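Here come two complexes built around chain A, the first alongside chain B, the second alongside chain C.
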Partner chain A sequence: MRPTVANLNFTSRKRIERSHVRISGTTAGNEGYFILDRFDVSEYEFPYDAQLFVESWTGKYGYQRFDVGRLDRLDLAKRHDFASNDLPNATFRIKVVAPGSSGKILGDADNIPVEIGGRPPSILPIDPVDLDNRVWWLEIDEETGPVLQMNQRLPDYQQIARDIEFRATVMPSVVYQIALWVASSTSSGEADAKVRRWEKALTFPSVDLSKVNVEDEDSRQDFATRAAKAFAKHHDLFEKFIISLDRNQQ
Partner chain B sequence: MTTLRMRYFSQEGIDEFEQHLSRMADRDERHSISTLLEDSALTVPLENRRSLPVHEFSNRADCGRFFYKKLDVASSELRAAGVNPVGHRGLWTWFAAAWLEHLLLDSKGNFFVGAKERYILSTSARRDYRHLLYGPWMLYTAALENPDLVEIALCDPVTKDSPVFEQLASRRDIVTNVHALKLLNKCYRNTTTGVVHPQAVRDDIAGGLRRFGSVYSQLAVNYDLQNMTESAIQALLPAEFQPWLDGRPPDLKTRKPSAKK
Partner chain C sequence: MTFNDWTFNNSRPGDTKTEVTFAEFFNTLDFNKQEEYLVRESFQNSGDAALSDVIPVKVRIYVSGNERAVKPSIAGKYFKSLLPHLEACQDIPGDWKVLLDGPCEFLAIEDFNTKGLTGDETAGMHDSEQNHFYHFFRTAGRTDKQAGTGKAGSWGVGKFVYIMSSQLRAMFGYTVREHSDASRRQLLLGQAALRYHKIGASIFSNYGYFGIPSDPEVGVTMPYNESASVNQFKKDWSLKRGDGQTGLSVVVPYCRDIEPDNLLFSIIKEYGGRILKGRLEVELDLPGGTIELTKGSLFNIIDSHANDEEWADVRSLLSLLVDRDSAKAEDWIELPRITKASEWRDLPLSDDLKEALASRFLSHGTVFVRVPVEIHRERSDASRSAENSTFEVLLRQEEGSDPIAPVFYRDGLRISGKQMGNKSNGVRTVFISGGGILAELLTNAEGPAHTEWQPNRDKFKGKYRRGDVWLKFCKNAPRRIVELVRGTNEENDYQALADLFPDPEYQASSTPKPKPKTRGEDGGTSGDVVVEQSGEVPVRISATDGGFILRLDEETDVEHMLVEMAYARVRGNTFSKWSPADFSTATLEVDVAGGDIISTEKNQLVVHVANTAKFKLRVRGFDSNRDLRIRATETLGV
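After this line comes the complex of A and B, so read on.
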């Protein structure tokens, strides 16, 4: 008898916790590779001969698949060459697949970002796009959440986004816009999870989302302003900016 | 036939083009924007050696193939200019402006200004395929090694609404899986005529194309479909797909039972 499609997890697939998995990547020019440097799944009791696959997505149809091997023969130090210059923006899905030909997924972890150069992945994805004469832009999609867009013509947009001059001058405005989105969000499901993550990230002593009157624009703007100020203070953005200016003038 | 040299719009060019579109929509009347296309204040020249013949495309496949070839031969110049065609708003919006006389049409060929994202490339990867020229190019390029398998989505004129294109282009899991594409063709393409069964795009008939997309997405959560053969995926499909797989799609008059009774 054929199976019916009754609900999303009708095969008792196990959700692998994000904290049990880590993908680290290295890029150099147009080349890159990643390693699966943490894969701690002992508590899930998968069969030893289950197969592990890693899949990546870049852009709309940029799909790559990597056969990592049997669970009892994993070589976590193995480098997996990445056939795209967009490794920093790739998202990964890790699948533990039942032995044999059933194709049944026993466990998985989805939307895993890659850590480049040992840095933990940012809550704010960076996307290189055509921005003409603008250096950056914040795009907030109701489903995918905030994305920091960087002009794709920049020589090294990842590095520029990390530079203190950029962060000090740009991030308070970015945080302000995101805080406004959080304060007025009525999202649900996956989108709601993104709002909750940002809520957590914007938690500072002087910033209390619970006191915001979502119907009142002034109240939302006040919350966003407080969040931007608190963010700048928490990261000492002004001080670091001045120090950087001094260094550049020497 | 107009012949142009490839350029792309600056942000000001995109803004200006958008204003023209709004005016045409408000007045329900087409006006020329030819001066916009080569205005040095609004566009950036890209490639001067080869001409770009602006002509009507017979269908989405023709469109996808045309831009694939043009962008492929110009790839070194594009790279030198720091232009990546994937997601490049200025480039694809300029293409739409250049082809505008062929794009401001509804499914019946009447003058029509549709949603902006049909002409101005959306910055959202979830909606960019709706651009009338970018969508066909993306799908054609993604299936370059198996063009026959996406033909059912690319056989209509670019301005004609196509539920098959919409379903396929928006589902990357299917587009990137040859076996899924084969199965989809097996279900919904008439093997004799090569055209899509008209029932396939009807939501009121069980096992239609939209249902295939949603069932596939659910199965992909629990099965490693990217590594399964066509027959293995077929075995997972619910019984409602059997008539389609047998080449006997439900009669147009056969509707699925309503849930509200």
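After this line comes the complex of A and C, so read on.
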């Protein structure tokens, strides 16, 4: 039986759904800017004079904060200059703060990726955390979905995540675990939406979730194995890995 | 008045010839301007020699420029006898005759309300006595200043900035100090640091002295002390020191180019904080007029350069320091005492504290944080308790979002090398070390220029328990506290794997209009706790005052359950990020009906269900200002 998880919202802080927020970025040379081009707060019942802040984070420069203004006076087309050329690597957070001087946070949305030039962000985020002696770990949380954790003590985890040696040896296993989660899931609500998105992401010619018998463990594992194989083939992981080995030996 | 010739002691052929490299060392540093290190080093020495913490140290800087340069006929009294030695040092470039035939531009730096160079001026070897005179004139790379005693200097090489600022590699020091023997109260000695050189058959040492020669086998070159010589010197070099005014006056003859604006800026940048505290006053006597830098005049001077970015940056820094000095007790947020050096991410800081930091920053744009620390010496005996100290981190939101480097202060000295901490966008940060063992630790990690803290210094290694971790902890403090006030540390990366796992539901942007509703001041707190629940274990969880009640559906065969509890977090796995600082089951109020508690540990309970219909687990004692997450998992028992 899958564990039951309950959230008790004592503080009444609203969790703004990611689908209600969208941040788009544009870069040119070393300059960049972003716009908050979607912010739908109609169902959250914030006071009209609450203040909206957007915060960005990049590994190179840390945080920037942008005072976007009162909720009833938002200019969604306004460009916010970004000081570095690090905009494509930025992650954003939204905070709605009570009017007055209390600084009380009424609502927030976290881990919002920036969309640059129409390129979709990754459905599998990387979370740099302390993993002791492990290099990576796949964490699947009911609420947040799969997250690839990488040891924050690695010298440059982003580069390692892009290296073919890492991808070829790690990613098929990652996909296998995610596919098992998808095949086993009976979630509902927002958690279910995440499962359905992953279902789409794992759509390959020989992989069909509709043929899986959810009650049959062998069937679920077969689906996951097929997904991992199809993923590796789709991205030519083995071929690229061999080429990389040859290069390194020269 | 006639002075004696410069004295260079003979060197024996068998002696190892160690040249003076300290001067060149300063040229390798990453200071922007020569004026900056001249100000840093000279003011540092003056501050260390202060008579008291109450009376401000006064420093007078006299820049002769060409307009007030000493005429060659007068300068010749002092340097004619140095010429053959300069010419014999063939690897020091310079057209010495031309230089000495021209006007002597010079710099004089005098400090007042200071002790002067105390100690036995006849000493030719160091002993246990503190002897500032000896260490200033007769040693290189050695000092009697102890780390952790509030002294900014610690290496004994700062005095070489005077030497390197002179084209002749020479300087004079005139000091007045308290002494029971009136004839030893005022002393004048000159020093030159050249190369080992040969004149005729004689080999001479690289250090030369301007004073009263002695037999080098039994004594040292003695300073002038009689009034005629000293008064002549003071008149020739435009010194202001009166007979009874203790302190040190340094004259740098044939000074290299000094740009008055750079000098003024360097004073304010490096020591503006001390001026604003009323502990330092500066008289900058320039050919075009005199500028008085005091607590009352400082911001007016800065504002007259308002259009310059560098000046605006310094103004912002100093105004933060002013705000810090006038802050009330409630303006400060104190972290729990740190008793073991660790990574910032491993600190057991409660969410309440983080919330307080974030709220303060959002509402005021400024946060003052105090961090008490407890540091152990590495080889201290077991009976010796840890030593306490503290540091402060000041944060302020700035206009714009440019990256701003943190500024570090130790004993009033600005430590600001390029390796000191990461920049933060749009947030100004200042680290101020407290005294005692922390100041000592940081001082011992500094190099001769006092611009960096590095764990590989000989004075530092092996001296403190987890010393390298403490150092990193301090250097990272500004950046990490910025992250804390922002409410989290590192965010997820959605780009690195975007080519492998593109979001299949990504769509082009649309722009609905926001429609906030008008509600009360706090914005929509209904008073009812919202409970969201998902999963397969057949439980019903409801909120109660400061906790929750968990019941089972009647038709279920669950016998054992693991119940985990944790305060909600903005990111990551809530349960694995539970901290003992949040709560523990030992401190919670737990009641069970229709079953038993089998075990409790950390944030977990294992329960046995005896009667499904009557089973009721009630847990209370949580902070109702925090959101709570509960996970129920069927288990096989303990």
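The rule is simple: the second predicted complex is superposed on the first by the 133 of 250 C-alpha atoms of A that agree within 3 Å, B and C clash if a C-alpha of one lies under 4 Å from a C-alpha of the other, contacts with A are read in each partner's own complex, and residues count from 1 in each chain.
We take it that a residue touches a chain if its C-beta (ideal position, glycine included) is under 8 Å from a C-beta of that chain, and two chains touch if they have at least 3 such contacts.
Since we're looking at a predicted model, the values are computed, not measured.
In the superposed model, A:123 makes contact with chain C only, not with chain B.
Look at A:75: by the touch rule set out above, it reaches neither chain B nor chain C.
Shared-chain residue A:105: touches chain B and chain C both.
Once chain A of one complex is fitted onto chain A of the other, the partner contacts of A:17 are absent, as it touches neither chain B nor chain C. Looking at the shared chain after the overlay, A:217 reaches neither chain B nor chain C. Applying the stated contact rule after C-alpha superposition, one finds that A:131 touches chain B and leaves chain C untouched. More residues of chain A are in touch with C than with the other of chain B and chain C.
When both complexes are overlaid on chain A, the residue A:65 reaches chain B and chain C alike.
When the two structures are aligned on the shared chain, A:162 is found in touch with chain C, with no touch to chain B. Once both structures are placed on chain A, chain A residues 2-5, 8-11, 13, 53, 55, 57, 59, 61, 63, 65, 95, 97, 101-105, 128-130, 139, 141, 144, 152 are touched by chain B and, in the other complex, by chain C. In the complex of the two chains, the chain B residues touching chain A come out as 8-12, 14, 82-84, 86-91, 123-126, 128-129, 138, 141-142, 172, 175-176, 215, 218-219, 221-228, 232, 235-239.
Within the complex formed with chain A, the chain C residues making contact are 343, 345-346, 358-364, 397, 400-403, 422-427, 479, 482-483, 486-488, 490-498, 500-506, 508-512, 514-526, 529-539, 541, 543, 548, 568, 570-573, 622, 624-634. Put simply, chain A touches chain B in their complex at residues 2-5, 8-11, 13, 53, 55, 57, 59-61, 63, 65, 95, 97, 101-105, 128-134, 137, 139, 141, 143-144, 149, 152-153.
Taken together, the chain A residues at the contact with chain C in this complex read 1-14, 22, 24, 37-42, 44-48, 50, 53, 55, 57, 59, 61-66, 71-72, 74, 76, 81-84, 88-89, 91, 93, 95-106, 108, 110-111, 113, 115, 118-130, 139, 141-142, 144, 147-148, 152, 157-158, 161-162, 167, 171, 186-189, 191, 197, 200-201, 203, 235.
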